[in-house]
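Common to both upcoming complexes is chain A, partnered first by chain B, then by chain C.
This part shows the complex of A and B:
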């Protein structure tokens, strides 16, 4: 990847700055905004997913040519997160709303 | 297996190394599912605090933000360490790994302080279903960080002795994936445990 030839790790710096901004934005949404609780939860969970994606792409080199453009790692992480979402959402659905 | 083996970074240059890295991604996917069960338990038991204090009474944003930035910065410095490794600088790699470990230790210190503080306020592991699930979720993450620090120290010894080789570069690359992954999990703990615990 371009990281190999560049002296300055541009990807990492962009990822780091974006992560800090997203963290501050999530904290501000929680304590500083006048939104309803449901909106706050929706927004900060969305921000968390975006930040996790930034970590995977900018820091973890998931899409490098050396890892076959990351097809297999993407598959692994995608299925891991889908399974995780089903476990969490399913548990809340069954246990909290008592279906 | 790989078409451009000679141009690939050192850690990808043998098929064994490529398979090890791939295997570690499979492990990380399994870890995602492990943590999902803990998140599900936490979410289901949310609010079941019995007579113990509620999370909104105890959680403080400033200390959690400090922990978040410590771990986030350690993830960044770990990325810089890999960048140094790919430029063949063993000294740079070791320096940035040590910075990463120091930040990780700082994170752990704050987490221990936080747990002691909560337990003094009457929220301990057995005090309610909610706090059990909280300590197991945050504690499992903290245990992973602790293991990561021990693992990285062992690798640093190897780097001092052998320098950057095909074997050590693969090992360091894999622990960098592990370390970044811990930050990914922490993002979700920060958001769904601490931030949501403060508003609900």
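This part shows the complex of A and C:
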């Protein structure tokens, strides 16, 4: 648009690089490191939370002072969380054959 | 690698396929060169970001895929018509039922509906294009190249042969070496990018770009069904993306997610697949419901009965669609409690679906029905779909499912819902909106003939299959036994009836192009919603001006008030996007990267992926702001179109 002042999408580039770095770090933790299984799971869970935060801040407008946070996608975040819960809890429910 | 490992050899049918591919391709190249149409093809179609043209390309590709999937189906029916007929061998039969299923769902049903949404939804809500026109073009080319990748598998490398569900461990590297399964994984992955992007695009378009006054609960039902469908797409497709990626890593890089060895969980694939797969069947049926609602309201000449109940039942169906996936594998052995939970949730879906059926009947009740071809499809849909739905509830009972599971009863059930639902809707929608897209109606006589051929053929094909299932004939069987001969033979006869119906439908497109009367008003069927307010052919900016929407049937209200979409006093320059070749190039590169990955040529694949990355960088710094259509140009266009 003509009234856009920022020509280089800084946010997006930083977000893109960070998310790739975090992915590489997660892959290295599982493949390259000598940590115990519990530690690996803890670390990749932590990395996943950071990754989700980066997506929300850098791409998904969760912090947007210009519009007084008017565009925060609460609705989609809620539904995303519900779907993720169904996938995880549902898989465990179905795949554990004790029921 | 030798050439005979690259190309599929030894099958006369496949040699015939190769010859016809070469012939058709050279004929197309010859015609384009002879009529000097290459520039036209590039400027008007390959680089377009216009939602109407992209929609037309979607529908054309979907019709081609319907032909391909239909030929697969006919070959299967020929093989099954007589016991011990050696028309197809076991391996070839496996490949054909796999490609038939995958193509019909992923490359026929979804693109056909997305094509109709592309053209109609912006017109129905009063938008000038999608929210992200560039992304829309990107989505189309991603689907197109995904379909291309999947389809070339039968001449290059060999088709996948583990069923459209591609269950592990059968589909894993240990039991299924070679490129076949990789074609499935990467073809679906490539086209999945496009589907997900379209879901986001449509949702933003509907939420942000409606005409003034059009609240969500004043939207036409087809647009509502599109909104609900895009919700399902956005939440279901990532599951497929992850599942496909995991299996790709399994097969190409030797990980052990779904393998029998190394603590892999083969059934986890079925679990993840159906977590996407069940919402997927609602992705292809909800837009069909939307189309039928529009068609029925128009030709019953009434407002749709129970508008709010229609919308809420769709939302309810969408929510429930994420809670029933286990009914696709009751016999996996998850135990009685798990099966009971999903059995109950499955039967719950029949409630909102029943609400919709009664609302359609309520719309038809005491109305003066106009029997046009689209309406015939809609009327045939209701009873046929009910048969499919009721047998679905039978399959949903976990205990009974142990009997029906994997038999032709199941085959008959899902063809009854998918053909009577989705395919009838595709035909109805195309015939209904055809005058809006191409400026003339399809011939009614030929249309009705093709309708009767197809519908009678459909029932003759699939009704016997219920009884074959009850007689114990399992699905995916390449050779039948003599005791099933009669019903199988009847079924095959019906399949050729459907084939003839489809051929006549396609011929009708050519025949009507030559003979049909051209539309002059833009309101071909005395329509009720905003898309009929535009002139035909639709100007590329869709609406010169937008009236304030006051009613669900916006155009009915406009006709009463004598309003149009052209108010000279309110004209302003219109901002439109520029065409771009980037989507085509980016997706062509991604296609080549995927093709290299299918054959596990990692270096080559990485080279092409770098190309894709470069295209993304180019796009990121692209400062193309589009162009403005000036007031004078709008005046000129609208005056000539409206004969003012």
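Here is the rule we use: the second predicted complex is superposed on the first by the 63 of 99 C-alpha atoms of A that agree within 3 Å, B and C clash if a C-alpha of one lies under 4 Å from a C-alpha of the other, contacts with A are read in each partner's own complex, and residues count from 1 in each chain.
Just so it is clear, contacts are C-beta pairs under 8 Å (C-beta built on N, C-alpha and C of every residue); 3 or more make two chains touch, one makes a residue touch a chain.
Given the structure is predicted, the values throughout are model-derived calculations rather than measurements.
Residue contacts after overlaying the shared chain place A:19 against chain B, while chain C stays out of touching range. Contacts of A:56 after superposition on the shared chain: chain B is touched, whereas chain C is not. More residues of chain A lie in contact with B than with the other chain of the pair chain B and chain C.
Legend: residue contacts after superposition of the two complexes on their common chain; A:38 is shown touching neither chain B nor chain C. When the two complexes are overlaid on their common chain A, residue A:27 makes contact with chain B while staying clear of chain C.
By the touch criterion defined above, A:47 lies against chain B but remains apart from chain C after alignment on the C-alpha atoms of chain A. Touch criterion met: A:65 reaches chain B, while chain C stays clear of it. By the touch criterion stated above, A:97 is placed in contact with chain C alone, chain B being left untouched. Shared interface residues of chain A, touching chain B in one complex and chain C in the other, are 7, 9, 12, 76, 79-80, 83, 87, 90-91, 95. Residue ranges on chain A touching chain C, taken from their complex, read 1-2, 7-9, 12-13, 76, 79-80, 83, 86-87, 90-91, 93-95, 97-99.
Every residue of chain B that touches chain A in the complex is listed here, in rising order: 2, 4, 8-9, 12, 18, 21-22, 25-26, 28-33, 35-37, 39-41, 43-44, 61, 65, 68-69, 72-73, 75-76, 78-80, 82-83, 86-87, 176-177, 180-181, 183-184, 187-188, 190-192, 195-196, 198-200. For chain C in complex with chain A, the residues that touch the partner chain are 231, 234-235, 239, 265, 267-268, 271-272, 275, 322-323, 325-326, 333-338, 620-621, 623, 625. Only residues 3-4, 7, 9, 12, 15-16, 19-20, 23, 26-27, 30-31, 37, 40-41, 44-45, 47-48, 51-52, 55-56, 58-61, 65-68, 72-73, 76-77, 79-81, 83-85, 87-88, 90-92, 95-96 of chain A touch chain B when the two sit together in their complex.
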